[in-house]
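Chain IDs A, B and C follow the sequence of writing; residue 1 opens each chain.
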Amino acid sequence: MNNSLIIGQYVPGNSIIHRLDPRTKITIIFSFVIFVFFANSVPSYGILTLFAIITTLVTRIPLRYILKGLTPVWFLIVFTFILHIFVTKEGSVLFEVLTLEIYSGGVIQGLAISLRFFLLILITSLLTLTTTPIEITDAIEDMLYPLNKVKFPVHELALMMSISLRFIPTLMQETEKISKAQASRGVDFRTGPFKERIKAVVPLLVPLFVSAFKRAEELAMAMEARGYQGGEGRSKLRQLKIETRDVFVYILFTCVIIGLFLTRTY
Amino acid sequence: MDITFNNVNYIYQENSPFAHKALENLSFHIPSGSFVAIVGHTGSGKSTLIQHLNGLIRPTKGEVRIGDYRLTHADKPKNLKELRSRVGVVFQYPEHQLFDETVEKDISFGPKNFGVMDREIRKRIQEVIPAVGLSEELLERSPFELSGGQMRRVAIAGVLAVKPEILVLDEPTAGLDPRGQKEIMEMFYSLHQEEQLTTVLVTHSMEDAVKYADQVIILNKGSKYMEGKPEDVFTQQEALNKVQLDVPEMIEFLYAFEQRFGKAIPFKRQSIEQLADQVYQSLKEAGVDE
Amino acid sequence: MREKLIEFRNVSFRYGEEEPWVLKDCSFSIYKDEWVAIIGHNGSGKSTIAKLMNGLLFPQEGEIYISGKIVNQETIWEVRKEVGMVFQNPDNQFVGTTVQDDVAFGMENRGIPREDMIKRIDTSLTAVGMNDYRLTEPHRLSGGQKQRVAIAGVLAISPRVLILDEATAMLDPKGRMEIMNTVSNVQEMNQISLITITHDLREVVQAERVIVMNEGVIWDEANPREIFAKKDKLREIGLDVPFIALLAEELKKKGISMKNEPLNHNELLEDLWTLHSTM
């Protein structure tokens, strides 16, 4: 399978982070994303960075693997840093590159923004690395449940998401199979003029669509044969439950946030 | 073209938590013009092996030689496309690769990609259509209107129209009914003989392996488990059962016969008629003995 | 007289007004706890029969009764409680993201309480030998394993009939054997009628009765032994005659006549043994 698809892919494990209720993880990560923007001093950044690093270590996912997953983002982080160095003209002049003056304010701001960016990506990727997509779906269904009152089809949406998740690996295998079959018939997906490469996609897409429709049809029939009649009157096997560890993590996170507000400058 | 594997290893998603070794230290040689059956369970590395044959993947370690083309981890042949035009692959459920508006266009797709002239393509279609057992009336139809069996034949025609020297077949009869299975295998066998092809057949059917192959390679967990002539490989029932593979039914019968009557009838790829005769003779002898 | 579970009365079916008839005037019955095999080449109408039994299709002519109830739009949900189906493609019927989620799907649809579901998941997965894979995702399972999960999903709702609609057609020999073993275990354990639809004559040996379909009509209805005896005719309608039947036929030509049409190696060898002692 394609290597680049590893980014953010669930890595099975048994760490406390893996076992947390997905709603806990989503809530904390969302809050973290917001609170990152409140950090403005070295200690406040320090607290958040420490939190992120410790969480990462606790997952016991190989660091090398996480960093590799972040490769496409490194470029953006470095780019942000450089942009700030050249654009921000505050503080004292540190040194000159050719005719451009580099200000200390630019360096500091560049560092801060890049760090912020890095923390955001790291923490959000921890969610997908330690939570199976179906857990995320369950959490979303549960958190959106109040919307049922305004006739929002929460059950259908969740079912749609879980079936899509179920079929992603199947369709990926299928894509690979068809592209190999067409490559064997002389299609070149990688080189040649742009126009040719676009044309090369047709023999891949048509069979994929044909097969996806066939699958959908058969799946619908199988679901019907198994008695599916929509969300009404359905019971559920999957249940989410807040455990002691979730409470513990909420308390810990609250402490981190208090620490952040105590150390930031006003 | 000869096919040679020298200590080939292949690892999927190397250096990731999902790394998975598909082939391990695999070496074998297939002489040009032979019919080889590759047998093994799902997951034994058969499909990985096949993909090396036309350079879809390259060994993680070791070397693959197809005629003068050489594939290693570091080198891919510059003329990969030429290799693919000389090695035709019929994948499992090949009808899934059909995409064009008409049967004719779909069959022409391969040859066109490999730079065959239009006139020559038309000529080849004339040859290929009857060879796979289709009628010319279908040429203007959409491949998606055809029956499953017909679609399979169109897909096969598309591979044959490239005129490969090596033909690789990955379970070409999967999902067909008994009549369809037999027709397709007979078709490949006569093509093999008429066009002097080198044929590599991946199959679960021991019966097909015995019937058509000159050489059998048994794969187990990515390594070569046994290799040799069908009559030599398939008579080793114990070794095969150890990796949960069956022997062809006739051999199973001969084994049971020997257990029961204490008389061995050697397996020589005989027909059922010949076998009945041998059973009859040996029963008669036994009757005389007593 | 055994209880009639399924009855087809002069059923004809086609997919559209202009289309040819797929089934023509078919009548037959399937009884309680019976194992029936329906065979025929691709396109002989055998899979259509399965879909009609489950109310996935409705006949244009004739009636179908399940446990005495006629199958129509009003009764399909009751019918589907009694008739469980496993289809051909292992991938296209696996709904859940893990094995236990998939087994639960049918029960969730019927609102079965969670505690009950957990118990039934356990028993039905044990019955098909998949209890160690409860949390496994479908793409890590073999085709045979997926089909066993599908069977478990049907068993969990305790239907009276289990239909396997070419459930082994896309499997390798190992998977095929897994399914055949699972199915005969299930048939012994649970009191359930079994309908296996296939084009592989080797799979019909264990059935009590075989219905042979050809061109949309019932070509023959008999026990496996009687069916095996009709070798040339089976070949004419595109079916494959098993090795053992062919060998028996050749032996007969040589003048060795056997009492019974043998169904397996042992039976043939047994017959030969008796003959040889009298030779």
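Everything below uses one rule, namely that a contact is a pair of C-beta atoms (placed from the backbone, for glycine too) under 8 Å apart; a residue touches a chain by one contact, two chains touch by 3 or more.
A quick map from chain label to UniProt name: A = Energy-coupling factor transporter transmembrane protein EcfT; B = Energy-coupling factor transporter ATP-binding protein EcfA2; C = Energy-coupling factor transport system ATP-binding protein.
Fair warning: this is a prediction, and the values are worked out from it, not measured in the lab.
Asks: Looking at the contacts, which chains touch subunit B and subunit C alike?
Replies: Under the touch definition, subunit B and subunit C have A as mutual neighbours.
Asks: Using the stated contact rule, I'd like to know whether A-B or A-C comes out ahead in C-beta pair count.
Replies: A-C
Asks: Which chain lies the greatest distance away from subunit B when centres are computed from Cα atoms alone?
Replies: A
Asks: How many angstrom between the C-alpha centroids of subunit C and subunit B?
Replies: Centre-to-centre distance between subunit B and subunit C: 30 Å.
Asks: Rounded to the nearest whole Å, what is the centre-to-centre distance of subunit A and subunit C, using the mean of the C-alpha atoms as each centre?
Replies: From the centre of subunit A to the centre of subunit C is 45 Å.
Asks: Which subunit B residues reach two or more other chains?
Replies: none
Asks: Give the residues of subunit A touching no fewer than two other chains, as numbers and ranges.
Replies: Where subunit A is concerned, no single residue meets two or more other chains.
Asks: Write out the stretch or stretches of subunit A touching subunit C in their complex.
Replies: 132-134, 162-163, 165-166, 169-170, 173, 214-215, 218-219, 221-229, 233-239
Asks: Spell out the part of subunit C that touches subunit A in their complex, as residue ranges.
Replies: The touching residues are 51, 54, 56, 77, 80-81, 84-85, 87, 89, 91-98, 100-101, 104-114, 117-118, 121, 137-139, 153-154, 157.
Asks: Once bound in the complex, which stretches of subunit B touch subunit A?
Replies: Interface residues on the subunit B side: 12-13, 16-18, 51, 54, 56, 81, 84-85, 88-89, 91, 94, 96-100, 109-110, 112-114, 144, 158-159, 162.
Asks: Taking the complex as given, what residues does subunit A use to touch subunit B?
Replies: So the residues of subunit A in touch with subunit B come to 1, 3, 6, 11, 62, 65, 174, 177-178, 180-188, 202-203, 206-207, 210-211.
Asks: What residues of subunit B sit close enough to touch subunit C in their complex?
Replies: 41-43, 147-149, 174-182, 204-205, 244, 246, 249-250, 252-253, 256-257, 260-261, 272-273, 275-277, 279-280, 283-284, 286-287
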